[in-house]
Every structure is written in structure tokens, then in C-alpha cells.
Amino acid sequence: MSLLQSLTQRDRVFDFMAPQDSPVDVRHGPILYMEDVTVSFDGFKAINNLNLTIDDGELRCIIGPNGAGKTTMMDIITGKTRPNSGSVWFGSRHNLLNMNEPDIASLGIGRKFQKPTVFEVLSVFENLELAMSADKRIFPTLTARMTGEIKDRIDEVLETIGLTALRHQPAGILSHGQKQWLEIGMLLMQRPRLLLVDEPVAGMTEQEMERTAELLTGLAGKQSVVVVEHDMGFVRSIARQVTVLHQGSVLAEGTMDQVSSDPKVIEVYLGADDDEAA
Amino acid sequence: MITLPYNTSARSTHLSATRSPGRFALALLAAAVMGASAQAIAQDADQSEDPIKVGILHSLSGTMAISETVLKDTVEMLIEQQNEAGGLLGRQLEAVVVDPASNWPLFAERARELLAQEEVDVIFGNWTSVSRKAVLPVVEELNGLLFYPVQYEGEESSENVFYTGAAPNQQAIPAVEYLINEVGIERFALIGTDYVYPRTTNRILEAFLKDEYGIADEDIMVNYTPFGHSDWQNIVSELSRFGEEGKRTAVISTINGDANVPFYTELANQGIDAADIPVIAFSVGEQELTGIDTGPLVGHLAAWNYFMSVDNDDNYDFIDAWIDYTGDEEAVTNDPMEAHYIGFNMWAEAVRKAGTTDVDSVKDAIIGVTVPNLSGGYAAMMPNHHITKPVLIGEIQDNGQFDIVWQTPSTVTGDAWSDYLPGSRDLIADWRKPIECGNFNVVNGSCGGSTAVEEAEAALAE
Amino acid sequence: MSLTTESSTNFWLTRPFSERSTQIFLGVLVAALALVTLLHVAIPPENPLHIGAYTVNLFGKYLSYALLAVAVDLVWGYLGILSLGHGAFFAIGGYAMGMYLMRQIGDRGTYGHPVLPDFMVFLNWDSLPWFWQGFDMAWFAFAMVLLAPGLLALVFGFLAFRSRVTGVYLSIITQALTFALMLAFFRNEMGFGGNNGLTDFRELLGYNLRNNDTRLGLFIATGVALALGYILCRAIVTSKLGRVSIATRDAEARTRFLGYRVERFQLFVFVVSAMLAGLAGALYVPQVGIINPSEFSPIFSIEIVLWVALGGRATLYGAVIGAILVNYAKTFFTGVMPDAWLFALGAMFVLVTVFLPKGVAGLFRHIKRRKRDDNSAKPTAPKEASA
Amino acid sequence: MRRFLSLGLLCLLLLSITVTSQAQTSSTANADAAALELLEALNVKSYSAKGDAITAILQSDDERARDWLQALLDGRLQSTDDGRIVLVLDNSGREWPVADVLTGEALGQMSRRDLDRIGINNALRNQLRSAIAVVDLYSPNIERRRHSAERLLGEVDETLAEPLSELIAGEQDSQVVRRLSQALAIYQVESGELAGVEALRGSLHPRARVALSRAVNGDDPIVADAAASALGSIEQNLKINRGLETLYFGLSLGSVLVLAAIGLAITFGVMGVINMAHGELMMLGAYTTWGMQQLLPGQPGLALILAIPAGFMVAALAGIAIERGVIQFLKGRPLETLLATFGISLILQQLVRTVISPLNRTVITPEWMSGSLVINDALSLTLNRMVVLGFALVVFAALMLIMRRTRLGLDVRAVTQNRAMARSMGIRATRVDIMTFALGSGVAGLAGVALSQLTNVGPNLGQNYIIDSFMVVVFGGVGNLWGTLVAGLSLGIINQVLEPWAGAVLAKIIVLVFIILFIQKRPRGLFPQKGRAAEG
């Protein structure tokens, strides 16, 4: 309890000598590699010996009933939750388990939350500006100026997510769908190597869904994308590789067809397809 | 409750308030105009019937209200009486009451308002030393008159301040002499709130006990507590242990107002009986006792220059007047009230003598003025702006009054600079010509202290 | 923030000048300074419009309070950190100035000691404690005015933010901080004059403090300091860093995921605010002529927050209005109804919170929006969740 | 000085007693005449003459002698202008009721101006005190005997020793015997007898300790060694008692903190209302106690008991008023509540100042709460604090029951967790809010009732506790009653353990610093909890 102790405490330190964003090394193997990860919240195992690898430029869909541990998995990757055991590597160089959220983010992992979280009192434009990949230390941020190419980039993204007209509106007044879009837009601004997208189409109309699908598939290749989604239709429309989570560990993996024909999957999940999809 | 002063002071500012309601939004401008107009009204008032303005600077809210409110009422009562008696120099007196709200910077601000804005002729006010210290520069700068009614640590004498309360040599030292000679105390615990009055008093007493009576260090215990300290368990048990060493022991308490109730309660409950370890207090008076169940405290002591129980007709008149004024049969009087009584009469006398309220004339006239005090004697204003007082020792009775058990044969002259502090041993104050100095050094005959210079050089040399 | 981020291409410090609100604020401030100075100097005393030295002095005090309020609004309004301990930084700045002024007294103290302040002679100290060294030099003292509070804020903030103390918990430990400091400064052993504090000041940079021109000077200086402080805060707020702060205030986790080291931004703004508070304290002390531990009292710190809330949080100019309004009301009421002014003040707090949730500034903005409801006006008021 | 007097008087007294035992008591008539003479003799200027008069009264076999001496000591024996001696029954106010000094029958009121006290100086005081003490040794009243026996410890010398041993033989009350024999033993130790040392072994009485420690340096080595060993064991024993004492102090301070904070733990912790007026609600409770005692003069105990429900009600009603009048408009804006309630606290304070008085009010401590429970000569526990400690625990238990076992508690927790959900399930959220706030306020009132027995009952009562209360609640973990209990008690103990060597001020500072460091170590307090309030 002494001051000294608390100063030398390992976790949550202001790591002033935090690793500068060194390029992610994917020459040998996958961009994301999770091995034997286990997390338990007072007894209950949310994640149980989870093994998962995402290749560079892949688009992966992750499905699974509620409480399968999808969101927890994302928390682990983004550094929000620390696993009890196991290892998580980003490329072959960065061990995500001893980094904090900002480090991981600036390393190139972007995340879209299940419940869209944007900065309500800031304008759409400002939301994107903040998300933009840039020097995010204090003084650069303080003295940052608005330059032409930054504006162009933001406009570009505004275009892609179709919010150009609303650029000066506070994000607070956007509809649920629009917020989803804005958040995806913020991801784009980050230029991440890996996008973690949690239920991107919840509360979207058919057309919006299609646009989202195009967007995500478009991204794949340049960036790796991991999508967690309940909407089977949507998953089917974009998925190449699908991973089924169940009770915190991988139940099945493969193409949509393989997976959907897998008896185990049908038993635990697709059996309840209708009400899940609803 | 609404007496003349409120109306007038209220009138001036009310008008100003109604003058600029529209501009209130831009507070700065509004404030500017208000201040100005308020002043304007004040001046109008002066040109009209021209009463003598008496400023009252006592906290009516905040922590000190508890002690100071009655002093405000006292002065108002005295003014009322004076006016009924035809006022002063044929002019009526008018009280200007402000509330410094127990906030020291606010004291300075209010004092400035009274002198610069309201242009009062005299101020009666302050309780705590710190508030006096805050006001001092203002009063000196604007050349006002301040009557300070509370016993204090001394070590000060300002040209513009008159100290009608007791200096340490008018309270602490006689009290200790009483304890030693009359009660046969050999061991002393000095308990106080941690601020300047207890600190100084205790330092003076320590020096006094060692020099005059050769009391050993281990027979003196000093302990300070924060303001409003409410948990006395440890200290009181420590006291009782301190008193169990076989020597007659007494506690000298300079505990400040609010902390006294829990202190005495604890004392009573831990069964420290006045017969075994008497506690003598320098800042517990009738006022404070109204808040305490005195049953268990009978026999503990207090040293003052006045007690409500003084058996003297002037006193009884004062008490009756006070009871009538407050309309409260239970109302009590106390030492600072007497100090204001004396101070007010001295000022009035000086004004009569000088034939004007002009500050400088009054300052000169008041030295040597003698008025009756409430304990059957007389109080005289000394050249050092302190007054002569008798010292009384009283025992707490179960009815919240003090039973006077001892009294100095004659009055004692207030000493601005203690003889028991190295820094001030050689200093005297004398505001008469030719000296006219508050800290005159009798050794090198210069005004402005400089006793400590040598020590300082020595210290620096190291 | 009526202008949009896109046009903010100019240098961050000069950015505020292109803002409407800042222009108005500075305009009013300068006008007020000029007016008061004029009425004080040019108008003869017998003229009803003349402003006395007392009033000037009073306004000087208000302005230093206003600067303090701006500092609080910076952390509370834009960073969502409710500090109930800003009085501490104010007081420390004040003490730094006070110590300088004490040293300036020299051998004119009552004991005439060439070096030691009266209270030390009085407590029988034979030499100056180490932390009083150097305060006889103006530059050092003035540096301390900023550094001492800044350092305290740095250490305290470092501990608090790195372990992600938030909300009430943060508020309460800031309160604990100022409370502890108050008790400490009350102790005479500390060497800061105990309860009596520091007083009886003579001169500042050679100017006699008991002289009305010096008062006017201090008043103007405080006004200028307020203007500069306001501009600085404005510049921070309108910079990208300001937007990061707001982001932190409303969605801390999200901001982290965007790659911002939130705790460092919090620390930075907190320290800046603490320094401004210290500056305010330093300007306050010579004008009221005393500094003592009661400035550390938690109640005072709460009052500061009240000024801000009353003026309107997260607007900066609201803080200024609040500070001046409340303190003017105090002066006014204590004069008019000494026995009952607390009723008035209390009622004021209750009514404003119930009927003007966004404070006086909110009222302004409301009226403005009434006048021309352009939908580009955006709500800058924070979500309560951030409180 | 008292020593000589007591011895002198004792001889006189013994003599007079033996005399009277044979002599027939003469008729009351001339007894009164004689008595009057004795009393008139007191009404003289010179103190020595008074001294003689006192001795005379002692020697007289008049059984009223003691009462007269007591009256003289209390300054109730006064003379009227016409030189008549009367007994003043009550000397407060302007008119004093007086009674005839001989018959004790009331003579009605007299103006204080017409009465003069028969003054005494301190020498006389001591003479009177010891005289009364000695007389009491022979009094039939056990209490008086015990009391005077107490006073004899360390006051015995050779002349007293003889009659003392006789008294011990004749005494049947064990306590008196114990004391007297201790007194005797102390005398023996002082006169270097080994027997005394053995008798004092294990006795914790300070006088005994003093005597022994003196004996250690005595010239007789055997006695010295014995004394040393006896002293050693005593010191050991004392240390233990000291520890226990400190623990008790800590608990009682802690109980006060808990009482002050527990109401806040509900309004603030559960409802998320930052109620700055909490302290003033306590103040209301305290004033209710005072009011009750004014209503029921003469029976403070009953008044105090009645004040418990009354204080609760008053504070609760005030709480409801605040909730309805202000807080309900500030739903989900905790900071706004801070501002508004701060305003309210100012108003309440000033209200008390103007309506009642700016001065503190006297709250009488009932018999059964004053004094202390004597465990042994070195350890005694103050009763008032013990009662408060118990009271705090009872209040806490009651609250726990309400929160855990009753419908209200259930509703409260439901509304706290998820307002909308609770609503949809038909819980009347507003009603729950009112009830919760009333409960919290009421508890504050209870705290006030308890505090009225420990500290000032005045307008500032609240301010002195509000900060500490918040500290405790937050330290314990907002919204967790257990946390509040543990936090309060532990902070109390820490404080009291530190105080002896750090001093009161430093101890408090250390505690605060400790809280700061602790919070930054555990950002959600001792017992963190989820819920609306926790997000603060």
C-alpha cells in the first residue's frame, strides 16, 4: 500500500517509453494469433482455451449464440480485458498482452463497438478528425492544424459513409444507423491493419446493409477484417471464412456452407437460427 | 430587531440596486455603476443630518457568529442607550453593521468599506487574532479607530487600535500565580488550540513558570489541537495520566470556543474531578457555558476580568439592561461584552473631551481617560492603548455561572510586549509625544523593534 | 464554438481571436477595465459616478476569482473532472506570493528583524527555513507561483489518472487533498504562519501596497491576467487537444481505442488549470492583504465549483460571469442584510440550479438560439454521465 | 496542605464523637440557638475567624453540620442586609429563592442585590473539603463513605493510620474496606514496610504506583526489590489496559463516523444524490433532542429516548421537503444536486441562527449516560460513548434489515440497478425515491441525536461532519453499507492509534493522505459495487 509500491506497480503504468509504432511483421504467418486464451469472471469461464488465427487481409466472420464470448474476445484483443492465461500476438512481433488500449490502437487495430459509441457533442467532421491516424501525443495534438490533405481524406471518408451533408451536425443527433456508419468511418480514418467490427448492421435498413457489406468486402485484402454478427443473411452475403464460437471456444471453422452443415453447429446454434436472426 | 442602522445602510444600497437592474447581466459594468451610486448615496446621507457613524465589524454568520453576534448586539444596545441620553456632542449615533462572515480577507474588505465607503468615525469589532491582523493594515492606512474587545496574545500595539481585552499579563500570569500560591499546583498541562493566541500565551507561561518558580520541564506538558477538535478521548486520558504522578496538577486551557464543549464533556465522563485536576480556562466564559451541561464541571476554573456573577450594582444594571434589550430572561453577559462597554464609554468620553469625532484628536484625548468598569473599579486607557483591568478567578457553578474565588487586590495594567519573550523583552509602546511608537526599543532607544537584529546576524553568520 | 474545425488552420494560440464569443468577452473585459480606470482616475471624488479605491480593489478581487473559476471550468467543463480541491492550488499560489511579500517587509516588521518575518521571531526561530530561501527574489517567487501548484497537480494527477480514478472518487480525493493541506498549514510548525497566515504586506516590486495607484495597477494587472488566461484556455479548448478532452469527458474508453493516452491529456490539462489557479491566488493575495489556511477549506473549493455551475459550465465566459455574480451578490447582501444574507445566497443557488440548469451562460445561449435558431449551433454542454 | 488539616480535624472529630456518644443530646430549641450562634460566627470579615467558626461547627454535635459546611462550600450560605443567615436554594436569575438555614423551610424569593455571599478563600475551601471527607467516613451513607475513602488514598499519615485500621475493622462495605486498606498499604509502603508492598501488588491505582516507584529508590534493599517487581507487573498490566483503551477510543470515534456517514451512504451511495445538506439534517436531529429536553424539563433521559423517533421524523420530513422541493427536478444530474443542496445547507444553518440562536444549546446528559464504566483502576470506558457505539451498531443493523429484507429495500435496489426496468415492472420509482431520501435523512437525524451527547449543538454542527462523512462513504465504496461500516470503524481506529505519537492534527492529515493513496490504489473504494451511483 506504500506509495513506492504503487509507483513500481507493473500494470497500467504510463509507459513513457512505449514502443513506437514499429511496422507489424506479417512476413511469416498470420496478422492475429490467439493461443489457449482463457478468461474467467469470478468462476465463470467467458473464454475457454480459445485458439484463433486471422491471416493478413482476410475477412473473417465470427458467429455464435449470446454469451459465446464474442465481445470478450474483442476486449482481449484491444487490451480492455486481460486474459488469465494464453497468448495473443499481433503479427510475429507484438505481444498484445503487455500493451494498453492506446498502444494497441496506434499499432493498427481498430474497433467498432456493439453499441455504437461516437462523441455526441462533437460534429461528425470532428469525430472523424479525432479518429484519424496521426501523431497522438500531447503537444502535436495541441498544435495540430487543419491541412488540405487531412480535409480531403475526411471528405473522402464522409463520402464513403454518406454523411457529407451532416458533416457539421453534432453526432448526437444522428440516427442509430448513421452512428454505425460514422463509427465505421472512424475506423477507416484510423487506417488500421486489423478491423474488429461488432454487429455493424444492427438497426440498419436493407440498403444500408448492402452498402455495409460492399464496404467491408471492399476493405478486405488491404486490411484484415473480423466481423461479429448475428444476422445470418448478412454473414452469408460477405463471409468467406466463418468461425463459430460456443461457450468461449471455437466450435467450428470453415466456409459458411461447411459450417452450416456441421451437426454440432446446427445443434447448438443454427437450430435456434430463426429467433437468433430475428 | 430592525433598528435604525439597518434602514439607513439598507436604503443606500437598495436605491443603488434599483438603479441598474437592466445592466445586471454584464455584472462587471453593473457592479461598477452600483459601487459608484452606492457611494453617491452615502455622501448624500452625510450632507443631510450628519449623525456620528459607529461601525460594527463582527461576524454574524460562519463559525465565529457563535461568539461575535452578542458583541454586535451589545454595541447596538450601548448606542441606543447613548442616543436616549441625548447622543454625543448633540448628535445622534448611528450603527453601521456589516457581516465579515468569519472570513478573514472579508474582514479586511469590510473594514475598508466601513472606513472608505461609509466613512464611520469608529469601529468596534473583531474577535480572532487573525481577523485583527487582517484589519490592522486597513485601519492604519485609512487612519480609523478600532476597539478590540477580546483577550489576546499581546505583542502588538497599533496607533489606531485600542485593546480593551486582556493582554497575557492581565489574565494568564495572575491565573498561574493563583494556581501556584493558592491551590499549590506543582505540575502544569498547557492545552490549546493550535493558533497564535494559545501558542504565545503558553510560551509566555512556560518561560514564566521556569524563570519565576523553577518548574522543571517534565512538569510542563504542552499539547495543541486543531480548530473545532471534537474527539478528546486520547488527550483527556493522557491528561489524567499526567496528573497521576503524585504532584498536584492543573490544566491550563487555551482551547478555542467550539472545541470546549466536547473537551469538557469528555473531561466529565472520564471523571476528572476539579478537586483532583482543576482545569483553568482563558477563553471559556458564560457565553460558552450556555452550550455546556455544567453539572459535572462544577469547580473547574476560568480567569477573566469580569464575570456576570460580579456582585456590583453597575453590573446588575448592565445585566438588566441587556436582558431587557434581548428580551431573553436567560441572556448572559461575558467579559468581551464588558470590554465593549468600557471601550464604548472611553471613546464617548474621549469624544466629549476632544469636542469632535476627528480620529487624531480622539486618539490623543483618549489616553488617560478613566471610566468605571462593571466590577466596581475603574479602567484607564494607558499610553500603550491597553487598559487597566482587575483579574478575577471564577469557579464554574452548576447554573452556568462563575463563583468568584479570587481577585487581584488592584487592577493590572495591560502590557503590550511580554517581558517573558526574548523578542519583545525590551520593547514598550507609548503613543504620547515624544515617543509616539508602538514598538519602542528601550535598549537602543529606537522606534521599530530591532531587538532581534543581533541574534539575526549571529544566525546568518552560522 | 461557433466556427467549424475546418477553418481552424491558423496557429493554435491565435485561434481564439477569430471566435465571436472570445471577441465579445475581451471587448467587454477591456471596456470594463477602461471604464473603471476612467471613473476612478478622471472623475473627481465628489462626483456620484466616481469609483472609490475600495470599489476598484473589490473588482480586482472579483477578477482574480474569475480567473480561478476559468481554471476550474477548464478541467470540469471540458475534461469532466470535478475538482473539489482547486482552492488548494489557488492558496499555494497565494502563499508563494505572500512569502515574497513577507520577505519584502525586511526589517520594518514589529520586531524589526532584518530577515525573519514577525511570526518566526515570535515563535523563537533563529533562522529562515529552507523553503523560504529565494523568496526574496521576485523572479523566483513568481516562478514558484506557477511551479508549486503545477508540481502538486502533476504528482497528484499522475497518481490519480494513471489508476483511472474517476467521478466522485476523484472529486473526493481532491477534497481530501485540500483538507489535508488546510490542516497542515494551520500547524505553526509548518512555518507558514499558522492560522494567522501571512499579512501586514508593505510593497510589491517596490510599489507601496497601501497606495491607491498600486491598487489600480493590481486591478488592471488582474484584468490582463484574466484575459490572457481566458485566451490560453480558449486556445486549448478550440485545439484538437480540446476536442480530445471533450471526447475523454464523454467517452473515455472510446478515446483510448482511438489511440489517445487519455491519462496524459488529463494530466496536462489538470496541470495547466492548477497553474492558472495559482496565478489567480498570487494576484488575489496582494489585493486582500492576507493569505491564511482558510483558503484551503473544502467549502471554499465547493464554492468555486458553484460559481462555475451558476455561470454555466463548459463555456469559460460563464465561469467568469458566475464568479463575479456570486461574489458581487455576497458583498451586496452582507452589506444590505447582514443577518440574513445567507438566505439570499442559498436561495440563489437553489433557484439557479432548478430553473437555469445550464447556468446564466445557458440562458444567454438560449436567448441567442431563440433569436436566430440556426441548426449549426451545437450543444457543448456535457452529458451528466461524465460528472 | 490538606493532609495536616485532615489529620488535625480527625483528632478533633474523634474526640467530639466519643464525647457525644456519652452526652445526652439537649433539647432542639437551645440546640438551634447554639447552631444559629455558630453560623452567625461565620459572617465575619477575617478568614482566620471563619476558620475557627468552621472548626466550631464541626465540633458541635449538630447533625446538620455537614449540610451547612457543604452550603458554605457551594457559596449558598448568604447573609441578608439585616445580617440574617439564609440558605440560597438557586442562584440563577434576578430573584433567588431562599430557605431558613436551620429549619430549611422556604422563605420565598429575595433580590440578589439584598444578599451577600459568605465569602471563603481557597485555604478554607480545602479545610472544608477535607473536613467533609472525614465526616463522611463516619456517615451512614455508603456512597459518601466510598467517596471519602477514595480521597484518602495517598493522604494517610501515622496519626490517621491508627483510627483507619479501626475503621477498616468496623466497616462492612467491601469496596470501602478495599480502598481503606489500599490507603493504609500506601502509607505502609511510604514508611518502608514490606507488608504494604505485598498488599499493593497488582493494584493499578495511580497512587499505589507512585508509592511503589518511590519505594524502589528507598534505602531498604528488600523492600526496594519487592517494590520493583511489583511495579514491573503493574507496568505490564497497564500497557495492556492502555492498548484496550486506545482500541475503545478508536471504535467510539469510528462509531461516530459511521453514524454520520451511514445516512449519506443511502442518499448519496444508493440514490447518487450529493447531499451537501446532510450535515444540516444531523443538526436538525441534534436540535430536536434539545427541543425535547426543553419540553420535558427535569427528565433528560426520557427526552433523549423520545428524541430518537422525533429526531428521525423531523429530519425525514425535512428530507422529503428537500426531495420534493428540489431534488426531484434534478433527476440524473448529481452535480446539480450538489449545488442545490449546498444552497439548502446555507439556508438551514442561517435559519437555526435566526430562529433559535447563533449560540450553542445545552443538551443535558442523562444520569445513565454520564460517567464511565470502571473496569479497573487503570481502565474505564466512558458511558456516553459506549451508548453511542451501541446505537450506531443498532442503526446499522436496522438499515441492513430494511435494505435486505423489506419490500422497500428490494424496490430501492431495483430502482438503483435499472430505473426504467423497475418502472416497467410497476415499481413507483418516484415513491421509492422519496422513501429512500426520507430514510437517509432520518438516519442523519438519528446521528444528530447521538452527537448531541458528544459535541456542540449549534448551527455549525453539520459543517464539522460533512467532509468526514463523504470521506467515509467513498473510502468504503459508494453504495455499499458494509463498506461504510468497515471504513468508518477502521478510520476511527487508525486515527486514535496514530494520535498519541503523531498528535491530533498530524494524525488527521496522515489519515487523509492514506485515503488518497488508497483510492488511487483501489479506485472504487473498499467494497466496489456496480450500479448507477458507482458511475458517479
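So that you can tell them apart, the chains are marked A, B, C and D in the order they are listed, and the count of residues begins at 1 in each.
Basically, a contact is a pair of C-beta atoms (placed from the backbone, for glycine too) under 8 Å apart; a residue touches a chain by one contact, two chains touch by 3 or more.
Since this is a predicted model, take the numbers as computed values, not measurements.
**Q** Grab the C-alpha centre of each chain and report whichever is closest to the global C-alpha centre.
**A** Closest chain centre to the overall C-alpha centroid: C.
**Q** Taking mean CA positions as centres, which chain lies farthest from chain B?
**A** Result for max centroid distance from chain B is chain A.
**Q** Return the chain pair with more inter-chain C-beta contacts, choosing between C-D and B-C.
**A** B-C
**Q** Please report how many Å separate the Cα centroid of chain A from that of chain D, as a whole number.
**A** 66
**Q** What is the distance, in whole Å, between the centres of chain A and chain B, each centre taken as the mean of its C-alpha atoms?
**A** Computed value for the inter-centroid distance: 72 Å.
**Q** In whole angstrom, how far does the Cα centroid of chain C sit from the Cα centroid of chain D?
**A** Chain C and chain D have C-alpha centres separated by 45 Å.
**Q** Roughly how many whole angstrom separate the Cα centroids of chain B and chain C?
**A** 34
**Q** Mind pulling the chain B residues that touch 2 or more other chains?
**A** Correct list: 60-61, 194, 224, 226.
**Q** Quick check on chain C: which residues sit in contact with 2+ other chains?
**A** If we look for residues of chain C contacting two or more partner chains, we find 159, 162-164, 183, 186-187, 339, 342.
**Q** Considering chain D alone, which of its residues make contact with at least two other chains?
**A** 349-350, 463, 505, 508, 517, 520-521 - these are the residues of chain D that touch more than one other chain.
**Q** Going by the contact rule at the top, pick out the chain C residues touching chain A in the complex.
**A** Within the complex, chain C touches chain A at residues 4-12, 158-159, 162-164, 236, 239-241, 243-244, 246-247, 250-251, 253-265, 268, 375-376, 378-383.
**Q** Looking at the complex, which residues from chain C come into contact with chain D?
**A** 82, 156, 159-160, 162-169, 171-173, 175-177, 179-180, 183-184, 186-187, 298-299, 302, 305-306, 309-310, 339-340, 342-343, 345-350, 352-354, 357, 384-385, 387
**Q** Write out the stretch or stretches of chain C touching chain B in their complex.
**A** 28-29, 31-32, 35-36, 39, 46, 48-55, 57-59, 61-62, 107-116, 119, 121-124, 126-127, 183, 186-188, 194-197, 199-201, 210, 288-290, 292, 294, 321, 324-325, 328, 330-332, 334-339, 341-342, 360
**Q** Can you check the complex and tell me which residues of chain D touch chain C?
**A** Per the stated touch rule, the residues are 274, 276, 326, 329-330, 332-336, 338-340, 342-347, 349-351, 354, 463, 467, 470-471, 474, 478, 505-506, 508-509, 512-513, 515-517, 519-521, 523-525, 535-536.
**Q** Residues of chain B touching chain D in their complex?
**A** For chain B paired with chain D, touching residues are 60-61, 63, 65-66, 69-70, 182-184, 194, 223-226, 228-231, 233-235, 237-238, 241, 244-246, 258, 261-262, 265-266, 268-271, 275, 287-288, 290-293, 295-296, 311, 313, 316, 320, 329, 397, 399-401, 403, 405-406.
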